[in-house]
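Structure first, then comments.
Chain lettering (A, B, C and D) follows the sequence in which the chains are written, and residue indices restart at 1 in each chain.
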Amino acid sequence: MLQIMKYDTGSSVETACDVQAAPMPFKLANRMSHPDDTVIEVDGRKIGGNTLAIMAGPCSVESEEQIIEVATKVKESGAKFLRGGAFKPRSSPYSFQGMGVDGLKLLKIASVETGLPVVTEVMSIEQIDYVMEYGDIIQVGARNMQNYELLKELGKVDKPVLLKRGLSATIEELILSAEYIMAGGNSDVILCERGIRTFETYTRNTLDLSAVAVLKRITHLPVIVDPSHACGKRWMVDPLARAAVAVGADGLIIEVHNNPEKALCDGEQSLRPEEFDTLVGALKGLVNIQGRVI
Amino acid sequence: MLQIMKYDTGSSVETACDVQAAPMPFKLANRMSHPDDTVIEVDGRKIGGNTLAIMAGPCSVESEEQIIEVATKVKESGAKFLRGGAFKPRSSPYSFQGMGVDGLKLLKIASVETGLPVVTEVMSIEQIDYVMEYGDIIQVGARNMQNYELLKELGKVDKPVLLKRGLSATIEELILSAEYIMAGGNSDVILCERGIRTFETYTRNTLDLSAVAVLKRITHLPVIVDPSHACGKRWMVDPLARAAVAVGADGLIIEVHNNPEKALCDGEQSLRPEEFDTLVGALKGLVNIQGRVI
Amino acid sequence: MLQIMKYDTGSSVETACDVQAAPMPFKLANRMSHPDDTVIEVDGRKIGGNTLAIMAGPCSVESEEQIIEVATKVKESGAKFLRGGAFKPRSSPYSFQGMGVDGLKLLKIASVETGLPVVTEVMSIEQIDYVMEYGDIIQVGARNMQNYELLKELGKVDKPVLLKRGLSATIEELILSAEYIMAGGNSDVILCERGIRTFETYTRNTLDLSAVAVLKRITHLPVIVDPSHACGKRWMVDPLARAAVAVGADGLIIEVHNNPEKALCDGEQSLRPEEFDTLVGALKGLVNIQGRVI
Amino acid sequence: MLQIMKYDTGSSVETACDVQAAPMPFKLANRMSHPDDTVIEVDGRKIGGNTLAIMAGPCSVESEEQIIEVATKVKESGAKFLRGGAFKPRSSPYSFQGMGVDGLKLLKIASVETGLPVVTEVMSIEQIDYVMEYGDIIQVGARNMQNYELLKELGKVDKPVLLKRGLSATIEELILSAEYIMAGGNSDVILCERGIRTFETYTRNTLDLSAVAVLKRITHLPVIVDPSHACGKRWMVDPLARAAVAVGADGLIIEVHNNPEKALCDGEQSLRPEEFDTLVGALKGLVNIQGRVI
């Protein structure tokens, strides 16, 4: 029997034979050819394996004060990575598009200040050099999950790529997009479930936690969850984060803002630092009974 | 501040004022008019409050031996209710339609044998008398969630109704269907999330755990989760059940079969008794850190 | 080569062999076993074949004056059937539930007055006797498409059943629900596409005209379209009705109200009689080039 | 009353006031600020207005013989533009990725040979120079509809952009993506409905013809339909194309291959030249009664 998950989240009830029973058209990400979990290390911090990796920070970088304050706070609570957007994909050309390279520089300052590695989004091949210079993990957003030319280029860089599931991407399509990056030579891909588009309108998207269980089972890549974008409502981030940990996610990426009411983007779904602190406290109990650590 | 959930699943981060900010067109199920959790008691067993109610059993009753064996096993593992279908809604008229009243009688025998109250489905007004005679909790399936004439009649009975969310029902529509039952005089309604229909085909349906958080917040009714129908795959029941408990569900309804390979219905998603036992053991750890009991 | 459609809507480009290539689990509705179109006759009016059957009338019967006025107007414009709801399935128990048997009696009066046969909805087995007494075609609404006990009973009646597709029912599930009725002995089933539930919120539902082409190809049953419920907006009924005719639908069921602003139900999507008249005029040109008649 | 559509497809039943009633957050594409239809001219051929523009050709360019043969045939039947992919977005990195610049050169040869302007896809900013050199209309595929950096660059070119709706993009999001291009200075945007992702699996996607009616009403841009990708099945292209014309589409983009069984991509949904010829013949009757021409 192939033991496909080492810590206790319940998904190894079955032997691995039913993995074989559902052949899928991907190779490099396939757990059949790589039974052990891939564990990605950034600055000594692990993503995958027995660690729950917590990434936190504002939707957008807005100012030096803001990003340093948020970075400091989330670090104190237990976050191991700082997230923050400098290049922002917005549905409307008339919405705030992010601070661009200036924002990247502020992220770097906050990173140096706190020691937290930076997760930040890239939207085009042209921006790769910038995010490589100032960031530590390169995020591909949901809208670019099938921007194959971008994925091919990210196959050539030597930093991990955090690949978000597209709004209506199947699990198989997400893995095939990871396969584009891996086929290019970069095997450090982190998959991220962030809610899919369904008929339900109460939540911004519908968080598909079953996808996490499936991705953990049929691939060897780390899988994290973004509860903030999935629900779009501050109060829901906490229960969804707990569920994500319980189902076996390897990490969380959570929006935290020091002043959500004045946020330039996604304020409604951003936790306040004290709410984030409460959440991380609760998660420690959960990971403890799973035999994992934060 | 209105404290809307007593145990710790994180969804009371916010004050109740944002509940008011989203008025919804329902009255009797609304937490604004009934801040305390509704706790339903059946034979001294609680659904809602600080208890995690576990219902388990086969998709369909198939024989006396089968239902007694499964009932005995799930009781030993910690189930407090026996589920089993006698009237079966099947997409095709050519599929097994259930044992009917004979199946109900076998459920009653298993119930007397084990002391477990019975949860069983009703598909039409004509069947109400039968399920009232042999069952303890009356289930309305996803396909009948908007069978309003049936709901109106169930408003007149004095047993709890377990109302499953329709495959493409919004959260609001589910609550409004509960409202049909409550408006008729029966306030003992248990809501059940069992997966919604989306574009994803890897899973049978997509389990929407955010709906559980929302339903707990804006209604006072107990909310349970059916991971078996949501995923349609045995190995996924365990991680999804854990996530459901972590997000704050008041209970689980799980398919267990003593011989899934030979089940007349839904064998692929049924746990074997020993798998169910392992799962309940794991859930005890989870509810313990939430300050709840099974 | 099996000629599966006699008039010119283009869907018989291919030979029937690719119908065989996709076996589906239904028998009685299958065109493979019944190559000719089923043509249903009601009072000398045809549904199926070379006729475009137009059914029109208000969402709900509201008064004798209303239903007679609308019936008279739609008849003058070319409608061959009067639609009108007496039993209304409403999401909320607090919404207008229809006039019930009194509404059926008013429909009968309007039918006698104008000579138009009546299409009206049944929501439960208990209501079958009433709709059989006052109606000519028995409608099963989208929410009851998988109310199998109701379908089984309708298999025993000797009037045609108009079966609407459920909001998230697949094409196969719709046909299997028709199969429930046909297996009971009633082969006069009219299928109705009325929009499915998707992520798009601009329209009430998303009209799936490809389903019409598929249903015409793989079943022999007449297929009609309800553009009013599909879009939920008056101005869209006209272009969608034209598209439905172009794709090969055998009929249309359209909401018409003499005073939409004061309608008790669905006023926003009801055509005014003069708009309906304009639409039917336009449709005559379309069916003419297809070799069909209204 | 604002007459928003000049030819007869029925969507101007209502006065323009209900357009105002639904303000949407876009400016340049808004019909309120630009009541007349935008008509785009390429080499003397019109897209928009009283012309039905037909674009046809293979999914992928495969060889000089293939593209010249298909171009010649579709021109004879009435196509006014040649479509063909050189850069192909494929879900898997292991699938045929298109001939690239060599394919573009073959398209140019076929264009010179037949006089048909070329519609071809661009997948990244790097490819813009190439498609500008060899193509006449620049296509943005569904997967790149929200690749905002690409859209911004296309705002600076002086050739029309054919923008396909994303698989799960709302109508509003599609228009906002057009707005990105227009805000950059390029007002020649052609919108394309090509099917959305829903739960239905019989068809590849679900063609949303109501979107065509909406886009024609609330924007002034030409709107075309791709029935080939929407359905994924050859026999369905014909009835869906007719429905698209009936609902008011300004054009069609259709896959035609001289040997579909051997096509490197999408053979199952490609018409054979003779089938395409039959279809165009049938469409002439339809546009004739609308007061339009091909």
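Rule of thumb we're sticking to: contacts are C-beta pairs under 8 Å (C-beta built on N, C-alpha and C of every residue); 3 or more make two chains touch, one makes a residue touch a chain.
Model, not experiment: these values are computed from the prediction.
K.L.:
Within the chain touch network, how many edges lie on the shortest path between chain B and chain D?
P.N.:
The fewest touching-chain steps linking chain B to chain D number 1.
K.L.:
Is the contact between copies chain A and chain D built from the same residues on both sides or from different ones, judged by whether over half of the numbers are shared?
P.N.:
Mostly same residues: over half of the interface numbers shared.
K.L.:
By mean C-alpha coordinates, which chain is most distant from chain C?
P.N.:
The chain farthest from chain C, judged by C-alpha centres, is A.
K.L.:
If you average the CA atoms of chain C and of chain D, how many Å lie between those two points?
P.N.:
So the centroids are 32 Å from each other.
K.L.:
Rounded to the nearest whole Å, what is the centre-to-centre distance of chain B and chain C, using the mean of the C-alpha atoms as each centre?
P.N.:
Comparing mean C-alpha positions, chain C is 35 Å from chain B.
K.L.:
Multi-chain contacts only, two chains or more: what residues does chain D have there?
P.N.:
Residue numbers touching two or more other chains: 168, 172, 197-199, 201.
K.L.:
Considering only which chains touch which, how would you classify the arrangement: line, ring, star, complete or other?
P.N.:
Graph shape here is complete: every pair of chains touches.
K.L.:
Which bits of chain A are touching chain C when the two form their complex?
P.N.:
Residues 168, 197-199, 201.
K.L.:
Considering the complex alone, what residue numbers of chain D touch chain A?
P.N.:
Residue positions touching the partner: 25-27, 89-94, 123-127, 143-144, 146-150, 152, 166-168, 172-173, 176, 179-180, 183, 197.
K.L.:
Under the touch definition given earlier, write down the residues of chain C that touch chain D in their complex.
P.N.:
Contact set of chain C toward chain D: 8-14, 18, 168, 170-172, 196, 198-203, 206-214, 217, 230-231, 233-248, 275, 278-279, 282, 285-286, 289.
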